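What follows is a group of structures, each given as structure tokens.
Two complexes, one shared chain (chain A), two partners (chain B, chain C).
What follows is the complex of A and B.
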């Protein structure tokens, strides 16, 4: 165990940097509180997988500190491994062996393996222990990998794109298992996803990453609450004021739509005071925020 | 325990944030009398697991319901429906008030006020009772 370790944090990254020839992670700070689900979102190539591999100790950072369940990474990677369950799409299973063989194999290594839960997962995921890996579909492979990780009941689950390429039923099965993990306050989950709907539904915390930088990282309720779309009627002769907290305004004729990333009721009052009529204030889905935020942060970088 | 929350559902076509949907469904159960005053309700974590939504979302719904006096949460003892007599009826009143306010707002934007608005409301009421008698 390291000194100064925050016991309520499952993951703690401080100023983590990693330089590649065409890409770099730039001073990543990330906290995942224990007992919570963190959703990592960002476009392709944003740095999600690199961040995940650094906190697992699979990739070594050039600078900065990474602590996972109190273990300093990558130095204490070997001891940390017992408590971390990691699954990603490119996970390799032995093609000529059965799923049951893999289950016995993992069971022989990890004393926390829960055989009864493994049987429950087999049923829920519609998998057969007797089946060889080479005969499995993509979805069955993903579910098999997850089964092998989930049945270990690790304190921290790290999942890189766990629902990519799955049909809606399989996706819901996975989400169900992830939320079931949360019945135990001592366990935590970090998962990356392109599926903003999944992240919006099950995450307690959201981290937004783009071009190797963290744009936002906070609890989901606060985050969603800050974003709003204001639908305005602008009578002729009235000019909309420029307001802080508004990141974009589109106007066509007498109708305008303003997007806020730091919404407060005063913004609506300010528009009303300028002579505009606020017709509606709408919440935004994470998907809408995602698109608006990427566009906005890139404009800021280029400006 | 989970069967108690079997009819809760979060909808993606519902434009309201998830915490508001959860609040609405809890209030509805109280309004129709299924959840009587003082009845114990699921813990935040349990409802989150049952609904497959994040703990923080349910926590927010509970906090807002507590602020509105609909539920009471006691440290270590869990949450229950507030023991306020007539709570269900009050929630139904509130629902009506909300819709009337919305209608008045749209009417104001159209320049319909006072007696004109009352008249339109009466007309709407007449149309409904006509439909019922047919």
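What follows is the complex of A and C.
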């Protein structure tokens, strides 16, 4: 176990940089507390998979520090990976072998393999151990990979776009299983996706990443509390004031929409005082928050 | 060294490749049986089949390494408690070990058939060893390209280069008097030319595997 380790953190990234020819991860700071589910949301090519590969020691960062379950990565990756369960959308099992063969293979490596739980998962996911991987649908393959990960009872689950390409029923089954797994409060999860609905459903904490930068990170409830959309009527001759907490205003004629990332009731009063009429204050979905956040971040970078 | 997990990876490679290993041994033994029919035609056909069996298994085993990356099994393996260099170690050990099973079996069987049945004179033994080591060196080249190149392209290029060079190597070997002059002899003759060729082949095997290990150990990004 490394020195100066924050025992309450399952994942700790500090100033992590990685430079490729056409893409860079730029000073990534990320904390995932023990027992929490962190959703990592970003568009395609945002840096989610690179961040995860650094966490697993598969890619070496150029600068910064990465610790997983207290182990420095990549130096202590072997020790760390005994307690990490990793599944990704681009991970494939051996097509010519059966699921049962894979289960035996994983069981031969991990003493923590829970055979009874594996049988429960087989039944719950509707899988057959005798079936060859090449005969499985995409959803069944994802479920098979998750079974192999979950039955070894890892302390940390790292899931890179696990629900991508799944039909709604398979997605529901997998998310339900993940929710059940989270009943074990000692287990931490990093769940990356560009599907905000999936992340919203199971995450406690949410981090947005775009173009290799973390643009925001906080708990889900705070996001939903702080972000609001204000629909305004702006009489002619009235100019909307620039207010702190408002990250964007889109106006067409007499109608305007202001997006707040730090909503306070005083913001509505300030607009009313300027002569505008606040027609409605709307909650935003996580997807709307994500899109607005990314757009705002890109504007800031380009400015 | 994480020997337990490396051992399990080697066991896994054996399970994935054992059909190929048994098939190559069967094909090689069948080829030697054809040689035993003791006509000029069967001797030539059987010898060619024998070397094809060695060459094929030397090509097919490294294809498994390329396929592991191409078919995205590598992410699954690298999620296990191993480092990239431990993965490389398991691949070098398993591939070389698996190749040695048919190679040793068939070369020993060929030596035995020469010694016991006498279809070929014993003087051909040095030539047999030189020719049998060529697919071994080729196997090392293809394995090195597959692991270091990290792409199907490098694996195919190495395969094509090696397979097209066996015929050429045999052509030039036939023009080396020191190698061919004693091939029809009733006794085995080890001259300096033969020993140099065998020594070069034997030296290339650990050199290629060692360079592969060294290059892989210095890689910072693996998947």
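Operating definition for what follows: the second predicted complex is superposed on the first by the 303 of 303 C-alpha atoms of A that agree within 3 Å, B and C clash if a C-alpha of one lies under 4 Å from a C-alpha of the other, contacts with A are read in each partner's own complex, and residues count from 1 in each chain.
Rule of thumb we're sticking to: contacts are C-beta pairs under 8 Å (C-beta built on N, C-alpha and C of every residue); 3 or more make two chains touch, one makes a residue touch a chain.
Remember, it's a predicted structure, so these values are computed and weren't measured experimentally.
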item: Superposed partners chain B and chain C on chain A - clash or fit; value: fit
item: Contacts of A:41 with chain B and chain C, given as first, second, both or neither; value: neither
item: Chain B versus chain C as contact partner of A:94, first or second or both or neither; value: second
item: Which of chain B and chain C A:82 touches, first, second, both or neither; value: second
item: Touched partner set for A:58, first chain B, second chain C, both or neither; value: second
item: Chain B versus chain C as contact partner of A:268, first or second or both or neither; value: neither
item: Following superposition on chain A: angle at chain A, chain B versus chain C, Cα, nearest 10°; value: 150
item: Touching partner for A:118 - first (chain B), second (chain C), both, neither; value: neither
item: Chain B versus chain C as contact partner of A:219, first or second or both or neither; value: first
item: Shortest CA-CA distance between chain B and chain C [superposed frame, angstrom]; value: 26
item: Chain C residues within the chain A interface of the complex; value: 2, 4-5, 8, 11-12, 15-16, 71-73, 75-76, 78-84, 86, 220-223
item: Of all residues in chain B, those that touch chain A in their complex; value: 10, 12, 15-19, 45-46, 48-49, 52-57, 60, 109
item: Contacting residues of chain A [partner chain B, same complex]; value: 35-37, 172, 175-176, 179-180, 182-183, 185, 197, 200-205, 219-221, 224-225, 277, 279, 282-283
item: Complex contact set, residues of chain A against chain C; value: 53, 56-60, 74, 77-79, 81-82, 84-88, 90-97, 101, 105, 108-109, 145, 149
